[in-house]
Amino acid sequence: MAELREECGVFGVFSPVETDVAMDSYYGLFALQHRGQESCGIVVNDDGLFHTYKDEGLVGKVFTPDVLASLGHGTMAVGHVRYGTTGGGGRSNAQPVVVNHIKGRMALAHNGNLVNSYELRSELELRGAIFHTTSDTEVISYIITQERLQSASIQEAVARAMRRIRGAYSLVIMSPAKLIAVRDPNGFRPLCYGKKEDGTYVIASESCALDSIGAEFIRDVEPGEILVFSKEGIQSIKDACGSAAHSPCVFEYIYFSRPDSVIDGISVHECRLRAGELLAEELPVEADVVVGVPDSGLDAAIGYSKRSGIPYEMGFIKNKYIGRTFISPGQSARQDGVKIKLNPISSAVRGKRVVMVDDSIVRGTTSRRIVKLLRDAGAAEVHLRVSAPPFLNPCYYGTDIDSRDCLIACRSTLDEIRESIGADTLAYLSLENLPRMLGADGGCSFCSACFSGKYPTEIPTDTHKNRFEQKISEKGDL
Amino acid sequence: MAELREECGVFGVFSPVETDVAMDSYYGLFALQHRGQESCGIVVNDDGLFHTYKDEGLVGKVFTPDVLASLGHGTMAVGHVRYGTTGGGGRSNAQPVVVNHIKGRMALAHNGNLVNSYELRSELELRGAIFHTTSDTEVISYIITQERLQSASIQEAVARAMRRIRGAYSLVIMSPAKLIAVRDPNGFRPLCYGKKEDGTYVIASESCALDSIGAEFIRDVEPGEILVFSKEGIQSIKDACGSAAHSPCVFEYIYFSRPDSVIDGISVHECRLRAGELLAEELPVEADVVVGVPDSGLDAAIGYSKRSGIPYEMGFIKNKYIGRTFISPGQSARQDGVKIKLNPISSAVRGKRVVMVDDSIVRGTTSRRIVKLLRDAGAAEVHLRVSAPPFLNPCYYGTDIDSRDCLIACRSTLDEIRESIGADTLAYLSLENLPRMLGADGGCSFCSACFSGKYPTEIPTDTHKNRFEQKISEKGDL
Amino acid sequence: MAELREECGVFGVFSPVETDVAMDSYYGLFALQHRGQESCGIVVNDDGLFHTYKDEGLVGKVFTPDVLASLGHGTMAVGHVRYGTTGGGGRSNAQPVVVNHIKGRMALAHNGNLVNSYELRSELELRGAIFHTTSDTEVISYIITQERLQSASIQEAVARAMRRIRGAYSLVIMSPAKLIAVRDPNGFRPLCYGKKEDGTYVIASESCALDSIGAEFIRDVEPGEILVFSKEGIQSIKDACGSAAHSPCVFEYIYFSRPDSVIDGISVHECRLRAGELLAEELPVEADVVVGVPDSGLDAAIGYSKRSGIPYEMGFIKNKYIGRTFISPGQSARQDGVKIKLNPISSAVRGKRVVMVDDSIVRGTTSRRIVKLLRDAGAAEVHLRVSAPPFLNPCYYGTDIDSRDCLIACRSTLDEIRESIGADTLAYLSLENLPRMLGADGGCSFCSACFSGKYPTEIPTDTHKNRFEQKISEKGDL
Amino acid sequence: MAELREECGVFGVFSPVETDVAMDSYYGLFALQHRGQESCGIVVNDDGLFHTYKDEGLVGKVFTPDVLASLGHGTMAVGHVRYGTTGGGGRSNAQPVVVNHIKGRMALAHNGNLVNSYELRSELELRGAIFHTTSDTEVISYIITQERLQSASIQEAVARAMRRIRGAYSLVIMSPAKLIAVRDPNGFRPLCYGKKEDGTYVIASESCALDSIGAEFIRDVEPGEILVFSKEGIQSIKDACGSAAHSPCVFEYIYFSRPDSVIDGISVHECRLRAGELLAEELPVEADVVVGVPDSGLDAAIGYSKRSGIPYEMGFIKNKYIGRTFISPGQSARQDGVKIKLNPISSAVRGKRVVMVDDSIVRGTTSRRIVKLLRDAGAAEVHLRVSAPPFLNPCYYGTDIDSRDCLIACRSTLDEIRESIGADTLAYLSLENLPRMLGADGGCSFCSACFSGKYPTEIPTDTHKNRFEQKISEKGDL
């Protein structure tokens, strides 16, 4: 786990007429691919019949022309990309989840993580429920289905379910006749919608996915809001569950989202530019060039250059052909001299004092290697600037850091980290500068629990990711 | 649907020590491949943790060395092969089904078809159940899970479940600590078990799968019996549900099973030999050679030759490389002259009066083409003998004929069929001869409902195979 | 090398109008698949432009619908299947070979083996030739190209080339405007042609490939004959090279060819039947049943039964799903008990004295295992009858036995072999009976050098199969 | 052909001891992947035996762990990447070419294009040569082989061959005992070598490939030089052929090569920076931001910003997951609104006067679309600056522009192009500024024939890329 990973991206299409909604989903998922590379799936709603295809792999590999053609046309579709873990079960945990229940059929795509899924699952199991996967999404499906029994409509069932599930969830739900977008009351994960010229509505985790299919951004789904798209038009339900302090995830801006996305009114790119500008003030240094670590450190490097006046340079070339299939060198000894993924541009840094901007330090090993690359290329000094505060606390809202064990900032002082990494100086963006980075006035708050430890919700007691795996084998079969 | 198809084959392994149970399952499923070619799956139980791999395709394609290695070792495994339908959902309907419930985890492999699954499913849905597939197996999982809540053990839950489910089911069920074999009270589908020299117990749909891994046949699982394999040994429960008249499927002998299998004490090969012998008496004819239609008509042809004294000959060569990937000719006009799959041996039939033995006539088109092949190869006369009575009624117990629409015998007289097929004479095995074919004395009865229309159980009112598909889209989303 | 393998099958199509010649080739190669399973290829001639596709693998795997479509239509095509060796170079040695030369383009498909290729190759290399493969086919291409420089036509060049190349070759050659069939003066390997109703001419290694696409057999290409198909019609050239004693390969009848083929006027199936009949006379034995080892021992078993009066039975079931992808058991200890590929039918042999007919014994290990299978299944006695004489000499004409090292018959007496195999009695077809088996009157002779050691041509001095591999590395780079 | 494409990249390894030279080649080819994406290949020399693997596809797809392992270890290897054309023959044209000849075996990897290959090929064909491919590389193999017959060593043969072949060629040649690097007298295509700490020598098209495996750059292979690596050490032969004016390709700096490479002493990145700086002087404009078109316009954009003082911004996000498998939208109408591959960052350009820097305009359609993207994102003005002069003439030295038909600059005036593209202003780098861009003093000259029309060699009369294809079908078969 040298990198942080987002859990998912969701996508939905609602068209007034039958059309190639699978193709729209395909483009949309391509634009959201950075949010999840393990598996992907699309469900097409063809007049109430659902055609599903899910598999492990990248969108471009899973959705071949034959597969896309087999999905056919329809008036609605739901799509999903899921992040990459290793090992089995990948395929069975792929989304969207499609379930049949007494009132019909439902497809769900989920981004986020519940904090009370253990309790909900236990409660359901005690009533005889069976689970095919270990994902929260199946729990949510059950809860909605249960509420559906006593609700007049699917949206009422969703509203009732929101009172029972807690945590982070941005959902796209498809019933035979409706497409529903839901965002948890805290608004942890982004969700927005837009419209194409032909009248098709599009729901997506990020606005860049709307751009990708030529849809115009309308607005973010509000925290706690249910948006129902049907032939009757769009219905917004905002009072489904009690009010909560809005707390969108700050790491979406720093790391997860694409720079060309705008989330809750804030441009990700601008946010990162400001992070760079603020960094230039944190610990000023005399230097000759500013370089960013591709790709997510580049925006902040431009901001740093702008504020500090130190010229921006291209410090590295990232090999764009290195993908999941790349075979890494067997011996670690060998790795040191190898510059396959990232190669410094010697002429840009040789003999120079270099400010190197990156977006995060997780375990420190990657940073150490990159600093060494610059020194080997002839950099006279390397000053590392991190466009985020130190990562000190686990996240329960849908990222894959849920233990402190591997976080270098939890174990070491700033100076120990600097020394371990081999940088001449090291500075993080301070916690105090986060609101300025976001450009947020006092009116809005964000979740920065990973930095501050202040969680906007209750947190789960049993936090092991594979807790359901363990539970079962411990329990045995008496 | 020019051919009849069995729904499934099941397989299970219980070893006293951790071993390569996936490899045993792999060999076993290879031997059962004729029972299902659409999809296959293996679940390995590694000390309570389940490792699953399922996919569409033949056993040899799905279980590559890498996949087999990834399943690892364990003390138990369950395997399944499923027959081929076209269209979507194939992968999600693949078995074994693995579910998590309050008391742990469970894997199920199922061969057969319930007659009350619609009722059970509706009842479960009304209590808030969700379904991921359209298969009966998921219904059975739910029922067992519900009963598990009030049972002291998994076997008690299975026994209780047997009182609720009706129809044909041969099941292999794996819990964290037990492997369970179950056969419905009628004993529609075969199920037997054996033991390897190293003490490993093996459960399989047919005895040929025991042979394939070098296990010695012990006995058939009895109709209505539950067999529990655990570290405590083997437990047999025979009084789980009320008694029923035993009625194993007669078509297993005529068509579905492999000739080298022995089912309920009767050798499939001997049964077919006897069918041929009896056929020789049904409508004696003067002829020069007897040939069988490969592969399932060969045994009966040998029997026919033996009884009639007409020499046995090899009439056809079947291309053994023609598989699922074969691209058939586009134009039907072209098809007539094409002998890709089956080519007659001219020297064996030219100028001769040929008795051609086949195991069934479904729609009649295949028979017509084969008769024509013989005539084109120079046969002077072609006398078709069918080693089964006419197929007149749908089967509700796990084969894919559940409508009379396509059965030629329902629409035409014997003479019309003969003329349509182009045979000089045509005879079926008579219904009266079935017991003699089986070699059964008066003590045992078989299900021959497809020939006789006498069903040994209630039959479902709604028999459409995709009834759940339809239900959902009709119901909509009120 | 537990089995003997043929080197190749060739196929050609010449159509009066542009049509789907790739599809015809596809069907034809399917019918010839038994002659080579390593690689296959088709070259389509679209008005002088050649479209080629070759790859390792079976016909059905290599020629997907997309690949077939990409080959397009044309008036001619050449196809090839090649037998399976392990290791590298498979793809580069795939045929047909396509070469460009001064007078145009040429595609060649070759079945056989030259005995003077080493000399020819050396001679060419001394003149500066380069070779991309290690196959004889490239040598033949060169020779024809060289002769083409001083010939008025491609057929004249072929005729001149025939005076230089020696050994076994059945060739299909395609130039921009002509399709040419060539068979060496000895006629070692089969080659025939036929015609479809639409006027398309078809050339194939065996007549079963003509059947497969609905073409009517016209006649065999004669030993030493060149047949030229062009818009001007068919031209036969028979005096290309000096006369040689005809010596078609006898093993084509015993083992290589399909029973439904007719080669040089002799039905393969009838030949095998006669082999069985003659075997029944070689060493009469009292027995209860005769069984054949599938698939190639079945015909002779029927013949044996006919002559001896001992009833024919089905002794084994061969798993038809076991293909190249099958993973064999790791431990040999384990192998003994495993009956994956072949399972005896116990009910057919238990307590009986069994005559088991097979077509050959190469190393003896396979025979030993099969005899043991019968004994384990309860056979009281096993009498092995081999429908060919003992294999004592290497073949230089296109099979993969070119050393005596692995031939059991070269090292052991008949009784040692019998004992090693575990049979009660053992008899081969005698050398004297070969002509009777072929049904040949005195006028025709066959090559039975593998049995008799009498080679109809000079034989190569350096016979190592990979002699070119070795030569190069020994020679180094002075 | 909306993009220019380089023909190839070459790579070679010579190790003092047997080691994993395939793995080194794999990394090296990854770093050279931008030079060719159609096919790739590696040949490993294991003590004189060559193990080859070539296929269509990217390095990471073709060289799976299994394939790499199958290549084994050795002391030398040659690798190649080839650019992407459509249609058949891709696999057979893959390199390295491996040929066997009288003195042994030889593998060749070639980057470039001969101008007299037609003449050489005709000459060879008249002597009876056959060609398996349509590539120049096979011609070069033949010429070297012919010269080898009368040479004392492979290097002498190469030297002789250099007197006969004309045009662009950077070659890596492997014989059983030697690895040879050759660069044509003009030095059109780059070639350099370096050394790893363990003593392994590495030859590569670009220095970035040396970096990728941790080898230290030693120097460029000089134009006209032959470098021989053997157990005796390194031998340099510089007088192989008459002297020629050095004329390395200027487009290597502008477009083809990776920015982190240094070619003939000039950093590609610095060159592009200077191009941007010079562009800022060509047609000064008042603007708010400078953006580059990813990826190859970014360096020049930074240079432009530096010289003009206009702030550098990130104008676009390029989807890094879009690869060869991407399915593009069917309707062109639809394409306009789609921003899958490239999405502008609205917040960076909205309301601003934007200078957009790109490296070339080929047909103009891509530029038009990108300008429109900026305007749709709110750019007030778009000023396009191209970091190269207009492309006016075909290239015969190894790029895929060999006709003027599709070059917009050949058909339109500057203003027509500007209008067609929709830019407010448009300026190219002037031809006069090229030497300044290269930083070259008067001593060195470059080939800029594509801009100037001044070719440093004779040029071919028949320039059609597929001339050999045509020749053959025209010629027919008399």
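Think of it as A, B, C and D in the order they're written, each chain with its own count starting at 1.
Simple rule for what comes next: a contact is a pair of C-beta atoms (placed from the backbone, for glycine too) under 8 Å apart; a residue touches a chain by one contact, two chains touch by 3 or more.
Only a predicted model underlies this, so the values are computations on that prediction, with no experimental measurement involved.
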### Chain-contact steps, minimal, separating chain C from chain A
2
### Message
Under the document's definition of touching, what chains do chain A and chain D have as common neighbours?
### Response
none
### Task
Considering only mean CA positions as chain centres, point out the chain farthest from chain C.
A
### Message
Roughly how far is chain B from chain C, centre to centre by C-alpha average, rounded to an integer in Å?
### Response
37
### Message
With centres defined as the mean C-alpha position, give me the chain B-chain D separation in Å.
### Response
60
### Query
Taking each chain's centre as its mean C-alpha position, how far apart are chain C and chain D in Å?
47
#### Entry: Residue list for chain A, restricted to those that touch at least two other chains
none
### Task
State which pairs of chains touch, listing all of them.
A-B, A-D, B-C, C-D
### Task
Can you check the complex and tell me which residues of chain C touch chain B?
23, 26-27, 30-31, 33-34, 58-61, 63-65, 68, 196-197, 208, 211-214, 258-260, 262, 267, 269-270, 295, 298-299, 302, 305-306, 311-314, 316-317, 319-323, 325-327, 329, 334, 336-340, 343-348
### Message
For the complex, give me every residue of chain C touching chain D.
### Response
47-49, 51-53, 70, 88-89, 92, 97-105, 122, 125-132, 134, 141-142, 145-146, 148-149, 152-154, 175-178, 468-469, 472-478
